[in-house]
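In the two complexes that follow, chain A is the common piece, with chain B as its partner first and chain C second.
Here is the complex of A and B:
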């Protein structure tokens, strides 16, 4: 298996040009910043100039002195100062403007990723820069056995299939897997007529009894001393929040030692896209259709992970496939917690077929759902309480997310305002649970009623348009 | 086998109610996982189980879950993992349990669940009757109905022996009447633990379907479809289920015989014939009503009337041949039910007996008696009236059927 490398990712939509990354880099490198944020072609947008650590680096090819080389271990294009003859051919060979001559001293400077903990990423206040460790995941799990056959019959772009394969690749063979009726068994994992698509023990529980059946499996194995088996569910939202709720709630209350993963595609997609208790307000579904009188679902979604927090489950987390490294971290903690108590992982899973999202836009929908706070990513343990694993501050408007999803195509301004208000309300509640009282609301609470200034509000960002290499 | 659950040797004879007798029968069978949820008139049974486990008399995982639906569901999981399992329920609990209940025989899970029979809501009622058990007679569980507290205690180990037999592999309901048996107190001689252990032998409950990483398989994948191999596979599963049910008749007889040899208590496995040798009319009974019915038969005999009685112990599978043989020589039959069959306006046992008798070359007239609903007592007087009606029927008189025994009770 080839090695994949971690990298610094840049999201221009989140960058406001504040320049903190450049300051941080300059401080760490005690000189000129290796990263440059520059005004982009689109008005008000910014772009980044930073070494991509290319797989076929042109700078290395043009270097006549052998001073530049691709490091196979960490993927970084290394610069050897003692070999460099300062010809600067490399700076003209790079298409990204990412290797340059230092205005101070004139020698070559380029990003070395600070040994895996880049200062620029830590300094970015808007999360426009992210340390993408997906390469590490590939290196850790890429050669692990896929627990499903290659030909599962999921729809093109199915996010649930992606979740199934990753989760079970991580967990491996020493497991018992429940997949209650829905897309997950329906795509062939449990199988038809004696054939199965799964390599671990797998079964259809009833739609209504997943957590209970698993609890019985676990109790017996614990009793006979086989305590290392991961006893787990990959369940849809319908069987979790609706008719199977009693079993989930009961198992959580009793602290049954199981790993319950809810793959939330916001409805009964396998049976033809009917609404569930997890379907968000406004959604078109086949039972909340759009017509002259009704315009999609008229109720808000049940927030199952927060209900699990109220059960004080041993571990509760939300995750998104747009952030796989985070998903894997949470999966590790969820597995560990399942040997001690009820462990609940809620993974949001856009359904290209049922949501009317193009297959190649599913991950983008995942990402926008998080960036708009429509989906919040957090984790909870009774000991540590609730904490955000991805900041809900500076969200994009929820309409940016909604317009990528076909099932929201009909939404009018009032409906969008309703969703935005509910998203804000949800985040405020989660922040209170996380012990984060926002500066604005704290100040508001402290200020006299007639105060016209919102003291403590975040000042508008500075625009460092003059920052250039 | 695990070490706990060794019962003290100095208290083998107890005076206990039927629910405690069931709990002892379960404890002696050493289930690995017991799931409990209370419902009248079963509640004290699960309390006894919890107490036995709390006191270390029983080495089982106690799963006190959130409802009967999960009671049976956790046992599905435990059984597929390899455990021996037990629970008990009644009426509404059985109704709520129905979804996994319906699935249990299809999965061929050899579990034992006591049904403390009760009339089912609505009309609202929490007292004895057999409407709950009779309503689920077509689901595929074996059903055995007990007459006494001692028979309850003994029938639970027997039920495991039947359920776990390789030719059967089906779940068993050991039924005992709510109120009359559940709360009625009588002497019970507990069998020795070693006797039960030797009787049951090593368990192997998931050789056919299991959830075990050491034997990975897909349990219960989809079958069926529009044609070809799918539906034919479904047919083979269904046919196998029916074959298991049919095989159970002989296994039930053998298990009772084996139990009798080991304990000295020989219970009638399928049906019991009481004073049938020269009987001209017969009553058919089921469950705890039988004692009063036998008294009434004895009274009638003292008056010179040739009356006998057939008690049904095993109702599913239905011992049709044994019933037909036992009733082949009588001139009229009165079948006493503690439940109704809505579709045929009679008792459910009546309808079954009627069907069994079709094999006979002669037509025997029958009358359906329905009594003991909602906790009502079926007294020897009620049975005396039933006998009189049946004798009138034998004499060629018209008897309107069904007869509602408790309709005019004061």
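Here is the complex of A and C:
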């Protein structure tokens, strides 16, 4: 397996030019900052110069002294002070302004990512700088076994296939998987002609009984003393928020120890793109068409993860494939929680076919959905309450997101205003849940001896935290 | 008869970059690098620092044996190529070996050009192009008190500084009226000249050496104004000449250097040339020139390598840009593009302050050249602005005031 590297990403839209990153860098490097933020073309816009630790670094190739080299272990382009002859040739190789003569002292300076914990990222108050540790994820999981056969029949660019493969690669063979009707079994994971497409025991429940069947499977494993099996579902939004809702709700209420993953592509996509209860307002679907009168769906989507919070499930989280580090972190916690109670992970999954998004723009759609707060990323446990894992502050307008999605192309200003208002309302509600719900004392929250309710206490106050990677 | 799919002649910047490019596309094709030098690859640019003692000769090596084993390239050193037979696809080496090749890269660089000064052939003198030259100069330097340097280009000035810092009394004779002619304008060079004078180096500018003679101790150089300059050590640094002698009779077209097209192909089939030996497209003039700098050698080596490995997506080269980063007595002087240009069609904006000098040359609101003394800038970004012909009309004043900030901004915008 080749090796991948972590990196610092810059989101110019979030940068307000405060310069904290430069101060932090100058402080740890005891000199001139290696990162430079400069005013952009528009008022209030900012641009950045920072070493990208190029895979094909030109600074290295023009150095006559062998003072620069690409470190194969961590990807950093290293500078060897003792070999450098201060000729400045490297500054002519770099098109990013990322290696330059230090005004103090005159030697060249460049970013070394502070050994994997960059000071600038930690100092950025707006999350404009992010530490992208996708490289580490790849190194950790890249050579783990893919639990699905090659050649599943998902559409080109299918985000759900990405989710299935990542999730099961992490969970591995010690699992029993339910895939109720939807794209996931539809693309071949349950198999064809008597052969399964999945390398773990997989079954195909009805839309209506997934969570109930899993509850039985778990109880059986408990009975025979197998505590190590992840009993789980990869279900679509239709099977979760509509047809299977009562089963999910019941299992959560009973505290069944299962991992329920909802892959939400906002509709019944494999049967011809019908609307579901998770389809957002205004969406074109085959059952909410766009014509003279109708202009897409006329109702708002229900927020299933919030409904699961109301069940006080052992773990509830939302995730997006644009933020893989988070997705993996939450997956770890969700697996762990599924051995103690009902664990619910809701992963948003733009559908290139049904949403009319080009295959190569799917991840961008994921990212914009989060950056606009159309989708919020958070997690909940009864003990710690609800916590944003990605700050919902400073969102981009929802219209920036909607514009990239074909199923919203027809939306008029009023409809967009409605969606924006709904997004704002959701965020306000989540913020209240995250920050303003008063703590219940542990004594009062603890369940009596003989009750079958999970003994979840609620000691610490619920709080609003900003995620710092 | 040994053979290789890829035969690279030369082991410096151009050849090393070609090797890298080839291996990106063809990890297994047989490859060999043949070089006249006995040492492992190093850069001529680092030699002034070897001469001064700042860099140890064994610490300037750019690739070790293990590297060549790892990438699967035979490294044959200490033997020069002496002939090329394009019909037989073979290269003859000084030891009589014939190497057959599938594709050949000529990357033999340049060697000092020795001017036809009467008497020069009768005395011992130094040049600075190889590691041996640098080590030899370093040894000699310790025994000498007075040095004469012919030529005030980059090599001559580097060496003169090293000699002066080592305590020798140094005279530099330069035919043109300024130091670094062709690289920077007269105002910038005046600052450099003042620094040299301040360190006790005698600069004889606008003077031609007419005769060199041996003396009881050392040498004497006579200049065209009848003066005589004496020294214990003579360094000739009057320019370089592409090493093309071994191509004589091969049919490969040579003018000043080996003529190459946009893909660094020579006139002969399956023969490429790159680096100081090549005469390729010059960005500004559109004519073919020998540029003689590392950035060009690297760029050409890369394109040649990709083309040799059959890269289908290759785009022709846009041409080389002069780029020089130079330090004198610790102070930086940087120039990119037509930094010394002026007159019709050019807009020149100079900042001539006590603590820094900066000269920006625009043509039609596009950057064509920039130079500075004591004010280093992002040379790579400026090069890109020039090559991409970025229209600066909207940001011109801001750019002139702070080329670094605006340059970074423009490139950041371009990359996103």
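Definition applied: the second predicted complex is superposed on the first by the 428 of 469 C-alpha atoms of A that agree within 3 Å, B and C clash if a C-alpha of one lies under 4 Å from a C-alpha of the other, contacts with A are read in each partner's own complex, and residues count from 1 in each chain.
The criterion applied here is as follows: a contact is a pair of C-beta atoms (placed from the backbone, for glycine too) under 8 Å apart; a residue touches a chain by one contact, two chains touch by 3 or more.
Just so we're clear, the structure is a prediction, and the values are computed from it rather than from any experiment.
J.: Examine A:195 and indicate which partner it touches, taking first as chain B and second as chain C; both and neither are also allowed.
T.: first
J.: So in the superposed three-chain picture, is A:227 touching just chain B, just chain C, both, or none of them (first/second/both/neither)?
T.: Once the two structures are laid over each other on A, A:227 reaches no partner at all.
J.: Between chain B (first) and chain C (second), which does A:94 come into contact with in this model arrangement: first, second, both, or neither?
T.: second
J.: Can A:144 be said to touch chain B (first), chain C (second), both, or neither?
T.: A:144: touches no partner chain.
J.: When both complexes are superposed, which of chain B and chain C contacts more residues belonging to chain A?
T.: Counting contacted residues of chain A, the larger count belongs to B.
J.: Which partner chains sit in contact with A:106 here, chain B, chain C, both or neither? Use first/second/both/neither.
T.: It touches chain C, and chain B stays clear.
J.: Which residues of chain A touch chain C in their complex?
T.: Touch list, chain A to chain C: 12, 36, 38-41, 47-49, 58-59, 61-62, 64-66, 83, 85-89, 91-97, 100-101, 106.
J.: Quick check on the complex: what are the chain A residues that touch chain B?
T.: 173-176, 185, 190-196, 198-206, 208-209, 212-224, 229, 246-247, 249-250, 253-254
J.: So in the complex, which bits of chain B are touching chain A?
T.: Listed in rising order, the residues of chain B that touch chain A are 32-33, 35, 61, 63-67, 69-70, 73-83, 85, 99-100, 103, 210-213, 215-223, 225, 229-230, 233.
J.: So in the complex, the part of chain C that touches chain A is made up of which residues?
T.: Within the complex, chain C contacts chain A at residues 13, 16-17, 20, 43-46, 49, 54-55, 59-62, 294-295, 298, 302, 323, 325-327, 330, 332, 334, 336, 376, 378-381, 383-384, 394-395, 404-409, 411-413, 415-416.
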